[in-house]
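Here chain A shows up in two complexes: once beside chain B, once beside chain C.
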Partner chain A sequence: MAGPKSTTSSASSNAVRSLLRAYNENTSSRLKFIDAFLLFLMLSGIIQFVYCILVTNFPFNAFLAGFGSCVGQFVLTASLRSQVNPVNRAEFKDVSPERAFADFALGSIVLHFFVYNFLG
Partner chain B sequence: MQVLWLFALSAATRAYAASLTLQTPRVTITGPDAAELLSESLSLNAKATPSLALGPSDVLKLTFQIVESEEGKGVQPHQTFLRFYDEVSGEEGVQPVKVTAGGKAKFELNMARPPASLPPTTTNPLKVTLLLGSFVHSPAKYELFDLTVPASQPLSQHPSEAAFHPLPEITHTFRPDQKIPAKAVSAFFAGFLLWPWFVLLALWSQVGLRVPHLLSPHILPFVAGIGAFEVLLFWYWVDLKLGQVLLYGGILSVFTALSGKQALAKTAQWRLGRK
Partner chain C sequence: MPFAYQLPSDVSPATVANTSSLLRIIALALISGAAIASRLFAVINFESIIHEFDPWFNYRATKVIAEKGFYEFWNWFDPTAWYPLGRVVGGTIYPGLMATSGVIYSLLHAINLPVDIRNICVLLAPGFSALTAWSTYMFTKELKDESAGLLAAVFIGIVPGYISRSVAGSYDNEAIAIFLLMFTFFCWIKALKIGSAFYGSLAALFYFYMVAAWGGYAFITNMIPLHAFALILMGRFSSRLYVAYSSWYAIGTLSSMQVPFVGFQPVRTSEHMAALGVFGLLQIIAFAELVRTHVSSKQFQSLLYASVVGMGITGALAIIGLTYKGWIAPWTGRFYSLWDTGYAKKYIPIIASVSEHQPTAWPSFFMDLQLLIFLFPAGVIMCFRQLRDEHVFVIIYAVVASYFAGVMVRLMLTLTPVVCVTAAVAFSSLLDTYIDPAEPDVLEDDSNTGQDAPTSGTSTAVSTSSPAPSLKKAKKAAAAAPPAGPLDGLVSTVTAAVSSSKKAGKPRGVFGLDTRIAVLINALGMLFFFVMHCTYVTSTAYSSPSVVLASTNPDGSQHIIDDFREAYYWLRQNTPETAVVMSWWDYGYQIAGMADRPTLVDNNTWNNTHIATVGKAMSSSEEVAYPILRKHDVDYVLIIFGGLLGYSGDDINKFLWMVRIAQGVWPDEIQEPNYFTPKGEYRVDEAASSTMKNSLMYKMSYYRFAELFGGNQAVDRVRGQQMPKVGPTLDYLDEAFTSENWIVRIYQVKKDDPLGRDLKTANAFAQGKKRKRSKPQVRRKAVS
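Up next is the complex of A and B:
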């Protein structure tokens, strides 16, 4: 992968590789599970946005619903992740992981209600 | 007394019956250099009225005396008008004429300075008529002559004249309807949206998270409640009205909240117990 290109590219690929290794070793599987979902949401949102730019936004309500659900779910999931991350325990002393999940579930249901409303 | 009254009545009827006529009506046209171009006495009973023409700076003079037809005495009628009438365009102008107490009248039409009563003219002749009105005589009307004068200037356009016409009809142009893109393009992108799912499932399977308590009686009602909410919202999209969704959602939320409280309390117990 790090072919004989230039020193900067090999250095940056080294950095990326070490970053990935550190992530794999130091992240709990629960957080990886959430991260995978975040990545999924990001990719879905990007593809919908590209479709909107390249092809059409014609059923604009549908685009809003699809894209908005991705963005909104990403925000909710990201906040869930930051609240259940043991590293951030000091910052969210009053928020137990269960409380965070309840917030996440409630927020998701409200978000989905609006998304279906927009879907028309 | 009665005889006197009868006499007065008969005098009045006699006087009213007496009509007015013109004596020595004469028309003269002089050029700009005071040269007399035409001098003609008019006959009131002629079948065809004479045709006269005026140049742009000629002067027309009309003189006559109004007399009672029977006694030949000069009379000043109460109203004396000259009427200029264009039979083709229907334009007309009426010019009062001054008459002396002896019935003599003189009218002058200077084409260099035409009076305001002269109607707008074309090349068509104007019919000139003398109208006499009196309280004690029968009214009289004499066709004097046809007068051709230089055509008047076309009417100048008023600055705001254009504002007094109907505006062109307003035609609205609408943006064309948006089109659904070709099915193949839509299908391609819809298929393209599948691969984040593959990424998600691949990563999740790699992480290999186990959920040992999912089917425990403490957790299952909560998960079922959330699932029911999602089904309800999907059903809302397909069929339901907003009021129904709020009703069912309200009922479901009580159940889900209670089961969630129990489930999460249990989870917290496990978490703290494990530590």
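Up next is the complex of A and C:
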């Protein structure tokens, strides 16, 4: 019983390694920069969520604003990432990278306006 | 290729483009004009006045904004409503409508146009209907083309289903909400189409405006996730969907929580969980797609697929678990009443008692939509032919809204836009086909096709204009689209069935000028009758303010019945400002708005017990009702009585709902069957049950009614029943005012007797009746 299990786990770890390698090779540094920001946002969101569960959710609006800003910024950045990704060029015919960045900036401003309003 | 008629060939494409865009702008301007003008019947026939019930509250709140500013409005506590509880107005309303008129008011005053706030309120709905026409044009343009958009704009501009909620003076949330609904949907499909975060953010902003304006925002909250979910199931996930949905949801949800009345609901109630669930699902799928582009290993991909499904199921289970633990509120009763039409009558009679919450009658579909209701299914089927993402949206919208419109009369309003859009698509396809001058190619077998083709052309009236390529395209599409998702198989079957309904071989199309003209004249005739119908329905059915009634004199001139305002102004002029008026909740807002007096209950039906208290007072006998009235400091009781004039919306006809609502709280004291005759009839004449005859409402309605007929037989004209010669007597109330046509009757509650007698005895003494002999004897016995 131990045999096939270890082979699948080694296969999946192999796969993860090949994934990382493929990622490192095929991703431009610009996208990697965005990915670093995404990772930061994700960690920040997770920390806030854990704090909310373990410690307190007392100013619930403040938690929602903080967590919402992380999630919102995350998805907006992820949108930017997929829009500027050369692989998706065919899908976003009407959105040039410059326009994508302008959209991103506008979305972020609107988002943080509401976040700021909601902090209380 | 032969042509049925000659087109000028010496015009440059630029000129054609410029001219058509100019014509479009002119057409849109005219449509806006028509939309506004047809809503002005109410102002012309009556006057510039706020209509009905809820608008009176909105008007009153808007006056507070205009006079005191937004912050005062935000913190407004209204001590006169729901006496003695009061109402925190700022936190219990959707402020979008009032804020909009407040902004318009200050803008106009900033440029030195001193427009009265009442006129802004009255004309707000017609003004926004022009914007609705424009946004429907934009929406339909995305779906088909500009000409369909113009048709949709005309339809929504004058269709009675929308006019019913947006005539001048109907100053209600729906007045601006339909514009916001259509524009949010337009932004959504635009965002989805080009994958733009800009349009996603714009959709979120207008969604925020919608949340601030109307409780029906939940429709958008569930429509967009449903659309996204359907697209995922059809195997149509794309980065564009991710961009559009994520930007809309992230900003829209956060912004919707800024409205105090909504509060934390978007993360705590089941109504909003679908949106959250789809958001999570999209994140997982997007991540999986990203990984898939980097790794091509087959095994890894299947592992990934399994984990996506697993995480989706886990997420759904988590939401269900949280609901059971009580962290997420379950569906509300209002929501259940949408699925089970009998639910509200059983558990929440106060919702069922509102006439606009009743199921829709079949004729009202025709009355509200006329020819559009026939074109609607055709348009939906035409959406299947192209079936881009936005067509899927319209199909889902059509199905969902049709159901809701069947359940509740007022939800006809949400069906109307999609009916206009799809009908415009169908109608403009018809026009495109028959205006297009291209004749089909005639094959070598001349005699055969020449006779057959015209008939087949008319039978498939909505076939595409260029037959040969479209046939190929349809075949190609059928062949090249393997079913990618579980839904897609079904959809492609339907699509194939729709598009390949024609046989191969024979040329398809329209031959000759006469066929074209025959069809086009019929089509124009239909449009003409549509306009006639809309104008007729608008002017007769939907333009009555219901505060002012109209009747016709024998010579045909109009007679205005102004009893409501007469009575409200009597209250305003003749009673102290603190006099508490009790009435059924329908009239609460009007009393507050026109008479400016405190009321016990009003149309903001938030406190069922309080309403049931009023219902109990109305439906029990004088002796029982009097302590209730005194405890609530009631000075005046106002009732609506239509028996003299034949005004059917009066309180006796609403009386059973008062009984039912009171019964819900005091089942031991009030029982509905007691108000019927032994045969089970609802009667007010001699045969009425004794409980009915003794009820306060009955007594107040028919007090001194028989005297009016001077010895002749008194007749109640609403119920068509003959009243007893001797009417009821009142001991605890005094008649204070009765309006010209007896529609409004106001009674004053007597104070306690100065000598400490109970009021019945005092009244009997004042009328000179002897006291009953037994009473003193009993007392003497007790002493000795």
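The working rule: the second predicted complex is superposed on the first by the 115 of 120 C-alpha atoms of A that agree within 3 Å, B and C clash if a C-alpha of one lies under 4 Å from a C-alpha of the other, contacts with A are read in each partner's own complex, and residues count from 1 in each chain.
Just so we're on the same page, a contact is a pair of C-beta atoms (placed from the backbone, for glycine too) under 8 Å apart; a residue touches a chain by one contact, two chains touch by 3 or more.
Keep in mind the model is a prediction, meaning the values are calculated, not measured.
Chain A has more of its residues touched by C than by the other of chain B and chain C.
In the superposition on chain A, contact of A:A102 is made with both chain B and chain C. Contact with chain B, but none with chain C, is seen for A:F58 once the two complexes are overlaid on the shared chain. In the superposition on chain A, contact of A:G68 is made with chain C only, not with chain B. In the superposition on chain A, contact is made by A:F40 with chain B only, not with chain C.
Of the two partner chains placed by superposition, only chain B is touched by A:R30; chain C is not. In the superposition on chain A, the residues of chain A contacting both chain B and chain C are 99, 102.
For chain B in complex with chain A, the touching residues are 178-181, 185-186, 189, 192-193, 195-197, 199-200, 203-204, 207-209, 226, 229-230, 233-234, 236-237, 245, 249, 260, 264-265, 267-268, 271. Residues of chain A that touch chain B in their complex: 29-30, 32-33, 35-37, 39-40, 43-44, 47-48, 51, 55-56, 58, 96-99, 101-102, 105, 109, 112-113, 116, 119. Contacts from chain A toward chain C in the complex involve residues 11-12, 15, 18-19, 22-23, 26, 60-61, 64-65, 68, 71-72, 75-76, 78-80, 82-83, 87-88, 91-95, 99-100, 102-104, 106-107, 110-111, 114-115, 117-118. Across the complex, chain A is touched by residues 194-198, 200-201, 204-205, 238-240, 242-243, 246-247, 249-251, 253-255, 257-258, 264, 267, 283, 286, 291, 293-295, 297, 299-300, 303 of chain C.
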